[in-house]
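Which chain is which? They are A, B, C, D, E and F, in the order written, and residues in each are numbered from 1.
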Amino acid sequence: MTYRYPEFADPKVRPRYTGIPTFMRTPYAEDWTGLDIGLIGVPFDGGVTNRPGARHGPREIRNQSSLIRRINHATKIDPYALCRIADLGDAWVEQPFELKGAHDEIAAFYKAVQAAGIVPVSAGGDHSVTLPIFRAIAADRPVGMVHFDAHCDTGDDYLGSKFHHGAPFRRAVEEGLLDPKRTIQIGIRGSVNDLGIWSFSHESGMRVIYIEEFHEIGVKGAIAEARRVVGDGPVYVSFDVDGLDPVYAPGTGTPEVGGFSTLEAQLMIRALGDLDIIGGDVVEVAPPFDPSGNTALVGATIMYEILCIAAAAHARRNGSGG
Amino acid sequence: MTYRYPEFADPKVRPRYTGIPTFMRTPYAEDWTGLDIGLIGVPFDGGVTNRPGARHGPREIRNQSSLIRRINHATKIDPYALCRIADLGDAWVEQPFELKGAHDEIAAFYKAVQAAGIVPVSAGGDHSVTLPIFRAIAADRPVGMVHFDAHCDTGDDYLGSKFHHGAPFRRAVEEGLLDPKRTIQIGIRGSVNDLGIWSFSHESGMRVIYIEEFHEIGVKGAIAEARRVVGDGPVYVSFDVDGLDPVYAPGTGTPEVGGFSTLEAQLMIRALGDLDIIGGDVVEVAPPFDPSGNTALVGATIMYEILCIAAAAHARRNGSGG
Amino acid sequence: MTYRYPEFADPKVRPRYTGIPTFMRTPYAEDWTGLDIGLIGVPFDGGVTNRPGARHGPREIRNQSSLIRRINHATKIDPYALCRIADLGDAWVEQPFELKGAHDEIAAFYKAVQAAGIVPVSAGGDHSVTLPIFRAIAADRPVGMVHFDAHCDTGDDYLGSKFHHGAPFRRAVEEGLLDPKRTIQIGIRGSVNDLGIWSFSHESGMRVIYIEEFHEIGVKGAIAEARRVVGDGPVYVSFDVDGLDPVYAPGTGTPEVGGFSTLEAQLMIRALGDLDIIGGDVVEVAPPFDPSGNTALVGATIMYEILCIAAAAHARRNGSGG
Amino acid sequence: MTYRYPEFADPKVRPRYTGIPTFMRTPYAEDWTGLDIGLIGVPFDGGVTNRPGARHGPREIRNQSSLIRRINHATKIDPYALCRIADLGDAWVEQPFELKGAHDEIAAFYKAVQAAGIVPVSAGGDHSVTLPIFRAIAADRPVGMVHFDAHCDTGDDYLGSKFHHGAPFRRAVEEGLLDPKRTIQIGIRGSVNDLGIWSFSHESGMRVIYIEEFHEIGVKGAIAEARRVVGDGPVYVSFDVDGLDPVYAPGTGTPEVGGFSTLEAQLMIRALGDLDIIGGDVVEVAPPFDPSGNTALVGATIMYEILCIAAAAHARRNGSGG
Amino acid sequence: MTYRYPEFADPKVRPRYTGIPTFMRTPYAEDWTGLDIGLIGVPFDGGVTNRPGARHGPREIRNQSSLIRRINHATKIDPYALCRIADLGDAWVEQPFELKGAHDEIAAFYKAVQAAGIVPVSAGGDHSVTLPIFRAIAADRPVGMVHFDAHCDTGDDYLGSKFHHGAPFRRAVEEGLLDPKRTIQIGIRGSVNDLGIWSFSHESGMRVIYIEEFHEIGVKGAIAEARRVVGDGPVYVSFDVDGLDPVYAPGTGTPEVGGFSTLEAQLMIRALGDLDIIGGDVVEVAPPFDPSGNTALVGATIMYEILCIAAAAHARRNGSGG
Amino acid sequence: MTYRYPEFADPKVRPRYTGIPTFMRTPYAEDWTGLDIGLIGVPFDGGVTNRPGARHGPREIRNQSSLIRRINHATKIDPYALCRIADLGDAWVEQPFELKGAHDEIAAFYKAVQAAGIVPVSAGGDHSVTLPIFRAIAADRPVGMVHFDAHCDTGDDYLGSKFHHGAPFRRAVEEGLLDPKRTIQIGIRGSVNDLGIWSFSHESGMRVIYIEEFHEIGVKGAIAEARRVVGDGPVYVSFDVDGLDPVYAPGTGTPEVGGFSTLEAQLMIRALGDLDIIGGDVVEVAPPFDPSGNTALVGATIMYEILCIAAAAHARRNGSGG
């Protein structure tokens, strides 16, 4: 027997503070058949170079995501009307003490997601996890990317490892997963130890909008550039919350003072709604450094914004509206 | 005997961290005779739909309001030179477990305030309390309103109740207390469960400035619209702190990422200084979610800004300057 | 298809920080068939008289309960070996603005649990929720109770209501649900407004161990008294975290300085392991007042201790060991 | 006109979270005529040697003291039935940048209190403020003292000053205000820079119970010693919250790990109820270091315990019961 | 022997969370010979008029400054390539209870710095400490200043003292240390008790950009004014973190709602890179009011921005590039 | 030149809140010649199985250790009079992404310490770091250990690794570094997934005092057992702060409700003062989970207690007193 109706039912019918927190109160799905979009946690922070804690990100993002409702008031997108969406649980790691193996475990999870024909929208974890996600979903051709971050994350070996949260996009290009010519990075800033630290971005042809340029050209200028760079091909949206000013996202491992605002981020993401979005993630939410919980709420909100444009794209690809 | 001078004396003469906290260090008045403006707390959060805690708002706003001084440096308004102002204490509720009765108790308090000829400037409490305030001060004719909020608060029944913090202004229009044609709502945003949730606002003729439009038209555009909409008649200013971005007001019950800033709010309120302000409130400050105390400081500051324009209007009405 | 193995699997096999948080990582069950014990959240705090926030208790207790493992190291009880245990979700309230109706909704949920033959172990919510639980599980005969609290909760009407978190056990006796002669209350303290406030406890025959007596007789003395009072009949364990000293449970609505410790509480609960435990609860965990999260961890730990003795009792009643 | 009844009325009739916070919800009195006991804040921390913040103590103690009710459940003392008690406001300092002058200002306030025949029960402020209190109330004869603290506070000059929070009781003895033979210090501990730092205590004849001895002799042993030492003469109770273990009082300026508990403190104070208590204080509550607010709640509770025994003593002295 | 390499070595080679925190991981220098720029803490808050705590600023700024790297990504300035830079430790005060003497102690420290030919870049402490710094470095001629603050700090006596954190720049002009005609103050706001409180700024010829004007003219307008006002002479940069909106710097003693952002501050400071910078400071970081640590991170970042322009100026003066 | 006197001078002469924080304000030593005891940080948490953050432990312990003074008031031990003591900086890890290599790096550091004849007293880091410390200091014979913890840390492989913070003492016995017959473990508790999880402790002959036994036998009983077990040979003291109740040490990665108190810990450590202490550590302080900072203060205090007994032992071994 079941009392009343299922736990993960329409959030309209029950108060926000109740229930077991899945992402956006979507149903938790062990059977992935027939799903369009999967919301996935990646509770792994073995790739951080400074403050750990992003392993706790998925839980708190799930918790705060109860505040998010169904329809995007600005774009009118209702992702749940367009797609079948579920919480797939976590791409967790059985052997977290070994970084490369951990990435392999994560990739294996996403390969199963990919094989099931599901578009992944993920919550990290540290930014190193985007690489194994790419290994699953970009295995057959390089993808374009709109990347929000304070850091280009195209660095080289650090602390003895090729793989860490400051290098995923160099590795992704090297592995043929990411098309640098169709990649734009927005919000880059912060002091550097080596002026050439992000030279891979520049030399490979990525478009880098430093925060100073963003301050000049504003949301509209950045949107125009993003649309120009990524064009019509498949696009992934990767959102590192440290791209935001730390006041919006204090709960992160390598904060850099002087970033963009959440509203600016929302406006930029929404403007990508007619692109061929094939997935996205929100990473680097580190709840232990987030006394007010706002970083996780921001993470949930951005995840929802990405979900909306991913749902619209998926529906268009499947001829089902949007 | 009394030692030195009265407790609630001119804040210039004693350090800010001392004394029993009344609003803005105004005297606490049990005798309301001769007062022009009353500062009132409404420690009630029985109308919230998510996180409670706004019942603790008046105390913390009083506490932080010791930081506020006498004169508005931008407008040069000294409300204390224009009006006799006191802290009237709290419109507290004897039977808080019953929502409708609680509203009746609050209304009774404000009817006494109204009968005493006092302009109320209040600190909530959740936004449901503005309805009983209106029942007292707008009983004889509908008023106009400048409403800052992430939500229109013109929703319908929810969780089994007509009365909650998401519906006061629908009820106020229905009861003939609020003139929707003279109402403007600024900062609206956030995902919705039903695209028509705020249709009452639109259909009744309220002017709704969603945050995306605000981002376009800016402070000046919003001011022009507000002045155009409310015109010359009596105007109430209702300020829900969740209209601000959550970084300015994390201590609130239903935060929505992506709002306006405190400076933008201040500039907008000050621009209403020549309107016929008949009262105002700051609501939804929930101290348990405010680890730094900044939300209460913001609440106190906005309350002071409203006090300034209310004092100027009162003085004009009474021919006493301003 | 399902990737790897079910979400709510044996907590031994995956890191604690991963996954969707159910109580103790038990499976979430919409089908209640064949279950022995149900772990239930009651996210309701409409009965508080001071600081609200206990509505958020079940979520945070679930979250922290991931730290709890399978077997009680002290008593060697493995509740999962003795009983089929699941998280039944929340006994949430559709119409939370109305206290009596809310209690009816909660009772209805527990009546379904009772009808399914499931022993409930619950996490509140404020202490008023124990009354509707009793209305379901004690409907056919009064039960005994071991009650840990700073307050007797046998008060009378307050703030206009018969029902609030300071009165459930007076109402339970009046309704024939609780046998006062088989009730012991441990940890009572705090200033009072009326020396007779807890006279109902004394006059009805409850055994009250004030904290001063507890300081004298210690854990062993309290255990002896508890066993003597409740005897062989059915016993419910109700644990209000404000019985603990506030340093162990700052996150609660009506803290009283000077309580017992968590270790003392654990030792007392374990000593009830051979009694006929028919259910229990942990109430008054209010996360907004719990900056370190320790109160929720304490709540989860105490809930586990009660689960262990409830499982042992259930197994004995069913001849299946323990 | 006045709405309903006075602000600072009987706390039984209104919820705890409402109203303007005076100590214990007593009336604020500008007219001191006829009062027996005055509750006084001393918002001064100019005498601290490490972390400041105790200047904010009185406000937060007032705020938390709303949780305290009328009657002591253990001793049955109702101080309000025995004495006329009011909040006298703060002994604040007009020229806080000058330590000796600040002490003079504080002493002047207490001399007025003394002249009015009022017994002071105070909330600091740092411990240096007890010296000017003594200068007022012990001017005509030395008093005895029960002193709870991690430090003897009988040090000598430090950081260039004779007067600071580590020296008040040396100065008090030197000035003939404190009788060292009738002084007991309980809870002393912590590393020292000079083994002789507290030699003044020993050489002047104070009884020092280090925390290690307290661990041996317990509450009962300490009570016996306190009663033996202070005898029948006038006694002041000075409670530095750093005497408690820091888990009970993290919000203090010079915490020392390893102290006594709040319950132990309560039991000790209550055992002094038949002595000739002539005043007391709770000092060193520093809210900026108190994220949960528990230190202020502890401060309010201890202040209430001292109030109870002071009221009983005053009533006996005046032949009015107790 | 020494293991590996020195503690305060190049921050590139070791993780940020390791080591003993000096400012920016520069070496701690007891031998000042040959240094160009000294990073100095001033752990003194004896001049505050409201909330203390800035004495703890230098430690937390040092702690957070480990996140700052070598080169300014926007201006390409590498201060360590241009100048020999070290942490000189703290200009701490032996007799902190006496404000004027404390200032003398601080001045003595800076006179030694000045005598060693070292440019000071400091972290306060409250803003009163800039006056003794000026007494050392501006002793032979008045300097110009770019001053970021919510307050002009040109007030008069307050709380019985000529010297406090609201008056240093009036005193500096009076003492011939500061040229008001070459002084600009940016970000001024907040209510006032006296409209003339900052009249000294206006009458002495300082350029005051209130926040409302800043909102109008923006970063570029403010930069143009700053460059026009200070011209070619020696310039000091004084940055009170309360000039920022409190969301960027909640950890401060006298916050004023409605300030500029960190990015705006960074852009303004960088635009001063070709001026004759002779020193600078970041003041009023009060860690006890900074639960997330962001204020200290902001303080460290601004200190680094000032360091960059100071290094460029010093290098130009010495003909060594920049 | 040097201003005044060296930075890391006698803590008596300067206020606690000043200066660059080394452990206990001892000098930072790059030249280890002639030192007796080294205070060492191990900022590594790559071995945690749940919440990370202990990598930040050394910094915060250093920061809080400024509160610790010279002489142990209870034992009269002045470690600085008995031994030459310095802060040796951190045994930090160049390649932290690889657990076994990280342990090798840590061991290399301690081998250098051992070669210099220095007794190490360390601050972790997670408990896995004690294994590489043993590899250095116990390489030539197994040592005895007094081990305070909630966990035996003698588990087997977990999450794919032989090495993690739940297994160091199994590995140490296997590697011949630790004599299980001379090992006592105090405070063990918490639920377990496998009743045999700590069977290695029992089977190898360690003496395990579970917290329930500790509650029975108390401090004196535990001391007697510890002294009996470890006897006259070389003894290491390893203090995991999760042995304490979480109220004393909330800032840790795997808290277990129901532990001993700090005073009990202090009394036990002091009672080991005449044993042959050859080193010790305090581990598992995780500052991101420590909002009040008390865990780090407790860590510093316990480190000091271990330092005192280590200094006394060293002095005896060297015939220099104690």
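One rule holds for everything that comes next: a residue touches a chain if its C-beta (ideal position, glycine included) is under 8 Å from a C-beta of that chain, and two chains touch if they have at least 3 such contacts.
These figures come from a predicted structure and were not determined experimentally.
Visitor: Using the contact definition stated above, find the chains touching both subunit A and subunit D.
Guide: Touches both subunit A and subunit D: B, C, E, F.
Visitor: Does B-C or C-D have more contacting C-beta pairs?
Guide: Between the chain pairs B-C and C-D, C-D carries more contacts.
Visitor: How many angstrom lie between the centres of subunit B and subunit D, each centre taken as the mean Cα position?
Guide: The computed centroid separation for subunit B versus subunit D comes out at 40 Å.
Visitor: In angstrom, rounded to a whole number, how far apart do the mean CA points of subunit A and subunit B lie?
Guide: 38
Visitor: Provide the list of subunit E residues touching at least two other chains, using ranges where the numbers run on.
Guide: Expected reply: 15, 17, 51, 55-56, 94, 96, 159, 247, 289, 291-292.
Visitor: Where do chains touch, given as pairs?
Guide: A-B, A-C, A-E, A-F, B-C, B-D, B-E, C-D, C-F, D-E, D-F, E-F
Visitor: Quick check on the complex: what are the subunit A residues that touch subunit F?
Guide: 45-47, 51-53, 55-56, 94-99, 101, 159-161, 163-164, 288-289, 291
Visitor: Tell me, which parts of subunit A touch subunit B in their complex?
Guide: Listed in rising order, the residues of subunit A that touch subunit B are 10-12, 15-17, 67-74, 76, 78, 219, 247-248, 261-263, 266-267, 291-294, 297-298, 301, 304.
Visitor: Help me check something: in the complex, which residues belonging to subunit F touch subunit C?
Guide: Going by the criterion above, the answer is residues 49-51, 159, 188-195, 210-212, 215, 245-247, 250-251, 254-255, 257-259, 289-292.
Visitor: Show me the residue ranges of subunit E that touch subunit F in the complex, using the header's touch definition.
Guide: 1-3, 6-7, 13-15, 17-22, 28, 30-33, 41, 43, 55-56, 58-59, 62-63, 87-90, 92-94, 96, 109, 112-113, 116, 291
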